[in-house]
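So that we are looking at the same thing, I have put the structure below in C-alpha cells.
Just so it is clear, A, B, C, D and E label the chains in written order, and each chain counts residues from 1 on its own.
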C-alpha cells in the first residue's frame, strides 16, 4: 500500500533540497515553496490520521538498510506518536505562514526549517534506534544554525550553549542504544523488539535507563539541566522559538515515554519516586522563576519548564502505577499535555513575537494598556494565557486534570504540584495586567492591530486551543487505545 | 432533554451571535437569556411531573461529562434564569450610554450559560469546568472598565482569591473520584470515612472562597468596582451562590463534624460581615458585605442540617439582593457615585425607585409578610432545632439584628438630604428590571412552600422562632433608623471603614469581641492577600535568586569546561618540542612505562 | 666449554669497540671502532658455528664501514677530531636510558626459562638448509627483501640528487 | 646453557650502547651508528637463539639476513636523506632541525 | 574469472602450490608492477604517461582484489595471509593511492623526476599491503621498512629546508623505533622457535620475554600508525612534506600498520588480558592527546595530522575487541573505508585552499560546493550521523562495549565531542566574510567528489560493505 508515512516524512526534505538546488529562487518564491511543501505535509499527516493508529504500531513501513547488523529503515505510528506528528505539521505550517516577513537569506531559512520538519517528524515516526538517533541529532544541528544566524543580539552564545548542552546530552542515549542493541539476542535495532521483550535487566537496565533519562532530561528540560531553554528562546527568531517550544521539547518527553518507559520498564519503576520528586520540583521551580521574570519571552519559556514538569510527573506516575487503569490515565494526561503545550505555547510565542515586531521590546514594564490599542492581539493573548494557566474548557485542563488525578492515586504527596496552577495563574494575570490592562502610554498609540498574515497564523492555533479544551476525546480516544495496551 | 439543552445553549448561542454580528447586542442577549428561562421553566415543570432527564457527553476516557435535571438542579436553574432575565433587562438601560456593549452582553451571556452548566452539571469534571468558567467571566466583567486604574488590580485579586480557593475543589474532586472510581456526583457522595471528611473540608474551602465567607470575603468588596448589573447578577445572586449551591448539592457527603465547622464558619461570617455592612460608607460595598452575611446564613442553615432552608433563603436572597443592587445602580447613575455622602436625599428624588429599594430592603431584613421573612425564619428555626443550637441560634439572631440595622441605616441615609434631580437615561428599562425583581421579592415568600415540597424536604417551622425572628428584625430596623452609627459603633466606626470594615453595634456588649474578631480577620485577610501576592513576592525573591543561579551557575560551568580543554591543548602542544632526540627520549620512556605496566599486569593476574 | 670462552671474548671486544664509537671525539676513529665491533660480532657468529653468517657479516661490515667513514668526512665539521668537540646532548638522560634498557633485557634473559638447549648443530648441513629455507618457506620474504632494496635505491637517488630545474 | 646466556647478555649490552648512542649524539651519522649497534645486538640474539634453542629452525638465520639488509638499507637511505639535508641546510645536526614544532 | 571457488577447484590440481600462492597475491604483484612501470616511463622521458599508468595499474590491482573477497587462505606456506584484512586492505588502499597520486600531480606537476613520486607511492603501498597481510615476523619488519623508506624520500621531495628537516627527523624516528622492534622480535623468535605470528600462541611459556617482544612490536607499529607516545614524527612529517604525501601517510601506511597490529593481536595467547588493557590505554591516550593538540593548531595540515592521530586511537577500539566480538573485524574495515574517504577529501581541499587557517575564511561562500563537501568531510570525521564516520565509529563503539571495554567507548564518545570543537574551528570561519576566491582545478574537484561520494555512500549503504565481510 502507498507508503504514506515515508512520503510525508521526506516531503519537507525534498522541499529543502529543491530550495538548495535552485539558487535563483526569489524570497517570495522561497516562502511560497515552503508554504506549499508544509501544506502538503499537513495533508499527508491528515491522511495518516485518517488511517488511524491501533493499540500497537500501525502503518509500519520497512526497508532493509544493514541486515547483518539488524538496522533497517523502519517507520510507523501508534497512539502516542500520531498526535505529536499532527502537532508538528500544524506548528510548522503556522510558523511558515508567520515567517513570511523574514527577508534576509530567506532561502536558507526556509531550507533549514524544512530540514528541521523532516527531522522532527523522523524522531516521532522512527521505529529503528539508529534512525531515531540520526533524526534526533539532525534536529539539533538544524536548530543551531537557525538560532545562530537569525537570532537576536546574544544569539551566538545562546546557540552555542544550546548546541553543547543537547549534544553532550544526546551522547548517553547513543550508549544506551548500543547497550540495548548488544543486549537483544537476535542482535537488532528494532524498537518494537526492544519494547516487546526489554533486552536489558538488573544493573545494565538501570544504567541504560539513567543514560536515557539524562539525555531526555536535557531535552525536556528538567531542573538542573534546563538553563539552555530560556537563553535559546530569548535569542531564537519567533518562528524558531515556536518550533523549539512546540516540537523540540516533545522530542525529550516522547523519548522518555518510548525509550525509558517502554524499553526499561522495571528500571523506571524503581526510579519512579525520584523522577516524580524531580518533576514536581521542576514544575514548582519553573513556576516560581517564571513569576520572577519581567521579560515576556523568558516568562513563557519558564512556564514551558513548568508544563514539561507535569508531563514528566505523568510519565513517572505511569511507570510506578501497578493497575493499568491509572497508568493509562496518567499517560493519556502526559501525551495530551505535550500536544496542548505545543499549541498553547506556540500561540503565546507567536503573539509575543508579533508584540516584539511592533514594540521591539519584551519587557512587560515598558508595555501598558495595549488591550485598548491592539484588541485583537490583546484578547488572543488573554485566551492563550488563560489556556496556559489551565483554565477548564481550554487546552491544558483535561491533560493536567488527568495527570493530577493519576498522581493522587499513586503518589498522594506529589499532588502538591497543583500549587503550580495558582502560581502560573498569578504570573499570567500579572503579565496581562501590566502589559495589556491599565492606561495605554502614548508611545504605543500608533500601533496597528493584527495584519492578515498574523491573523492567518494565530487563528488556527486559537481554534485548536479551544477545540482540545472542549472536545479532548477526539485526541484522547486515539491516545487511550495505545496507553491502555501498554502492559509494563 | 431538549429543554435542558436549551437552558444552556440559549445564552451560549446568544454570545456567539453577539460576537459574530456585533450589532444589537442587548436584544440578542435578552433573547438568549429568555430562551434559557423558557428552557428552565419547562425543565422545572417536567421535573415536577416526575421526569428525570440525564445526558452524557463524551469527555475524558471513562470520565464522561453528564447533565442531570433533578428537582434540586431544576429549581436552581430556574432561579438563575429568572434573575438573569431581569438583570439583563435592567442592563439594557444601564448600558445605554456606556461603550463596549458587545463585549459586555457577550460576557454576560457567556456567564449565564456557564452558570446554567454549573447548576445542571451531573459530574464533577463538568462542574469544575463551569466553576472556573464563571470565575473567568467574573474576572472579565469586574475588569470591564480596565482603563481606570485600580480596576485591573481588583479583577486580578478576585480571580486569584477564587483560584486559590478552587484548589480545594480540585483536591476534593480528585479524592472523591479516586475513592468512588467514577466522576458521577451522586455516586461519589456515598464515599465515607476520613476521605469524605477531607473532601468535604476541601469543598467547604472552595465554597467559602466563592461565596466570600470570612476570611475570604476581601475580594467581593473589591469586585464592586465592576458595572452594577454585574454586581447584581454575579456578585449577589449567581456566582457567589455557586459556593452555596455546591454545598447544598454535596450535602450528603458532609459528616456531622464538618457540618458543625460549616455552621460555625457561616455564623462567624454573618456577624463579621454584618458589622462591616453596618459601618460601611459606600452603598455597593455595604450590599457586598450584606451578601457575604446572607450567605453566612445559608451556611448556618446547612450547618444546622437543613439544606432545604438554605435553598429557600438562597432563592429569596437572589431576588432581594439583585433588586437592591439594581436600585443602587439607578442611584449611581443619578449621582455618578455610590458614596452615602453623595447619595443623600436620592430617595426623595427618585420616590418610585426608592420605594422598590425599600421594599426589597425590608424583605431582606425579614419583615413579614415579605419573602425574606419566611426564608430567614426557616433558617432561624433550623438553627434552633439543630443539635449545635447553642452556637448557631444566637449567631443567627445577632445576624438578623445586624441585617435590620444596616437596612434601616441605608434607607435613612438615602432618604434625608435635598434632591438634585439629574436625568437618568434608560430609566424605563432599568425600572422594568427592578420592579420585576421587587415583585418577586414580595411574592416569592408564598412560593417557598410548594418549592420545598418539590425538592422533597420540608421547611422547619417553629412558632417561637417566628415571633423571635420578627421581633429582632423590627428591633434592628428601629435601631438602624433612629440611632446614628457613631453611637452604635463608637470606637469601631473610624477603624471599621478604613480596613476593618466592621461596624459598631452594641457598644459594650458587641464591640470588644467583634473588634478582636475583626482585627483577626483583617490581619488574616491582609495575610491572605499578601499570602496570595506574597507568594509572588516570596517567589520574586526566590525567583530572583534562582534566576541568578541560572545565569551564573550552570552556564558558567559549560564555558569553564571549554577554557579548560583549550589550556590542556596548549600543554599537549608544548610537549611537541620539534627536537627529534627529545621526542625519541619521550617515545622510549613511553615504551618503558608500557612495559612496566605490562609486567605489573601479568604478575598481578 | 671452549666455545663459551671464545663467544665471551669476542662479545667483550664487540662491546668495548661499541663504547669507543661514542666516546672518541674523532669521526674516523669512531667509524673504525664500529668496523671492529661489527667484525667481532661476525667472529662471535663463527664461534657459534654459524659459519655462513659469520663470514657474510665480516665481509659486509668491512665495506659498509668504509663507506660510512667517507660520508662522515663529508658531513662532519671536524673529522679529524682535533678540537675534541663533544657532539652530544642530553647526555645523562640517554645514559640512563641505555643502561636501563640493557638491564631490563638482561633481567629478562635471566628470568625467562629458555627451555632445552640443543647439543650441537649438524655439520656441513647449514648452508644447504638455509638455501632450502630461503627458497621454500621464506620465498616471499626473500622477494620482499629484494623489493625493499630496490625501493631503497630509488628513494636514495630521488632524495639525494640535485634538482635539475 | 652458559654460552646462550653470555651471548644474550652481549646482545643486550650492545643494544644498550646503541640506544645510548642514538639518543645522545647530535649528528645524524652518529645516530645511524647507534642504530647499527642495536641491530648488531639483535643479530647476536638471533644467532644465539638459533644455535642453542632451535638449530633446525632456519627462519632464524633468514631473520639475520633480513636484519643485515635492514642495516644496509637504513644506512643507504640515511645517507641519502643526510645528503639532501646537508645540501639545503649545511648541517645534519639534530640541534638545528627545530623549525617544525608545536 | 578468478574466483576462490575456481581457484580451489581447477587450478590446484593443475599446478604446484606456488602458482596458487602467486594468484592469491596477484593484487600485490599488480601494485608492484605499476610501481616499476611508473619508474620505467620516467626513465623513457615520458613523465606525462606515468600518472595515467599508475592509476590504471592500481585500479587493476583493486579489481583483482575484489575477485579475492571472501577468500581465507595463506600463501607461501603461511607466511602471508590472504584473509578479510589483507584483501580489503588492497581494495581500500589501492584506490586511495591512485587518488593521492592524482593529488600529488598538482604539487609535482613539472618538477623533475615526477615519475619517481608515483612509483615511490606504489612501493609504499606495497609495503602497507605487506604489513596488512603479515603472517610472519619478518614481514612486519620488511613492511615497516619498505613503506618508511619510500615515504622518507616522498617527504623530502619538495627539497627545501622544511622538507629535508621533516624527512631527517622522520628517518631518525623510524630507524630507532625499527631497531627496537627488531630487537624485541628476536626474543619472540627465541621463545616461540618460529617466526610465524600464528606461533605466538606458545608465548605463554615465557611471559616476560613475550611481554617485552609485544611492547617492542607495539613501539614499531605504534610509530607506523602514529599512536601516542610514538607519534612525534607525524605532525612534522605531514607539515614538512607535500600535502598529498601527508594524506598518503595518514591513510595508507597508517591502515597498513593497524591491520598488522590486528594480525599480531589476533594470535596473542588468550590469557594475556593485560596486553589488551595496555592497548586500550594507548587508545585512550592517543584519542585524547590527538584531539587536545588539534584543538589549538592554526596550521590546518598539522591540525589534520593530530586529528588523524586521534582517529588511529579510534581504530584501536576495534583492535582491542578482536577476539571477543565478531563486530571487530567488520567495524575495523568499515571505519578504514570511511576514514580513508573522509580524510582524503579533507586533505584534498586543504591542499588547494592552503595551510593557514585564515586562508579558509569565506571559503564556504566563494566555493559553495567545495565548502559543503568540506563541511561533510569534517562533520563525518566527528561522527555525526548519517555519514560514513558515524557508522564506522558506531560499530567500533559497539565492538568495544561487546568486548567489555565500555569505559573506553565512553572516552571515545567524549573525544568525538571534543573533535567537534576541533573541526568547528575550520567550519565556522569558512562561512565568515569571503576574501579572495580560490580557484579549484578540475583534478581536485574530481578527487573530492569521489571522496564525497564514498563518504555518503558508506554512510548510507554500509550494508554493501558489511555484507561482504564474513
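Quick note on the criterion: a contact is a pair of C-beta atoms (placed from the backbone, for glycine too) under 8 Å apart; a residue touches a chain by one contact, two chains touch by 3 or more.
All of these numbers come straight from a predicted model, not from anything done at the bench.
Note on connectivity: the fewest chain-to-chain touch steps from chain A to chain C number 2.
Farthest chain from chain C (centres taken as the mean of C-alpha atoms): B. When every chain is represented by the mean of its C-alpha atoms, the one lying closest to the mean of all protein C-alpha atoms is A.
Top-ranked chain pair, ordered by C-beta pairs in contact, is C-D.
Among the other chains, B has the CA centre that is most remote from the centre of chain D.
The distance from the centre of chain A to the centre of chain E, each centre being the mean of the chain's C-alpha atoms, comes to 45 Å. Averaged C-alpha coordinates give centres for chain B and chain D that are 99 Å from one another. The distance from the centre of chain A to the centre of chain D, each centre being the mean of the chain's C-alpha atoms, comes to 67 Å.
Between the CA-based centres of chain A and chain B the separation comes to 36 Å, rounded to the whole angstrom. Touching of two or more other chains is recorded for residues 136, 138, 142, 145, 149, 152-153, 156, 159, 167-169, 172, 176, 180, 183, 187, 190, 208, 212, 235-236, 297 of chain E. For chain C, the set of residues that touch two or more other chains comprises 89-90, 93-94, 97, 101, 104-105, 114-115, 137-138, 141, 145, 148, 152, 155-157, 159.
Looking at chain D, one finds that residues 11, 15, 18-19, 22-24, 26, 28, 32, 34, 53-54, 59, 62, 66, 73, 77, 80-82, 84, 87, 92, 94-95, 97, 99-102 touch two or more other chains.
By the definition given earlier, chain contacts exist for A-B, A-E, B-C, B-D, B-E, C-D, C-E, D-E.
Those residues of chain B that touch chain A in the complex are listed here as 58-62, 125, 128-133, 136, 143, 146-147, 149, 151-153, 155-156, 159-160, 163-164, 167, 170-171, 174-175, 177-178, 532-533, 535-536, 539-540, 542-544, 546-547, 550-551, 553-555, 558, 562. The touching residues of chain E, counted against chain D in their complex, run 136-138, 141-142, 145, 149, 152-153, 156, 159-162, 164-169, 171-172, 175-176, 178-180, 182-183, 185-187, 189-190, 193-195, 235-236, 239-240, 297, 302. Residues of chain D that touch chain B in their complex: 19, 22-24, 26, 94-95, 97-102. By the touch rule above, chain E contacts chain B in their complex via residues 168-169, 172-173, 176-177, 180, 207-208, 211-212, 214-216, 218-219, 223, 228-230, 232-233, 235-236, 271-275, 277-278, 281-282, 289, 292-297, 418, 421.
Interface of chain D with chain E (complex): residues 11, 15, 18-19, 22, 28, 31-32, 34-35, 38-39, 41-42, 45-46, 49, 53-54, 57, 59-60, 62-63, 66-67, 70, 73-74, 77-78, 80-82, 84-85, 87-89, 92, 94, 97, 99-102.
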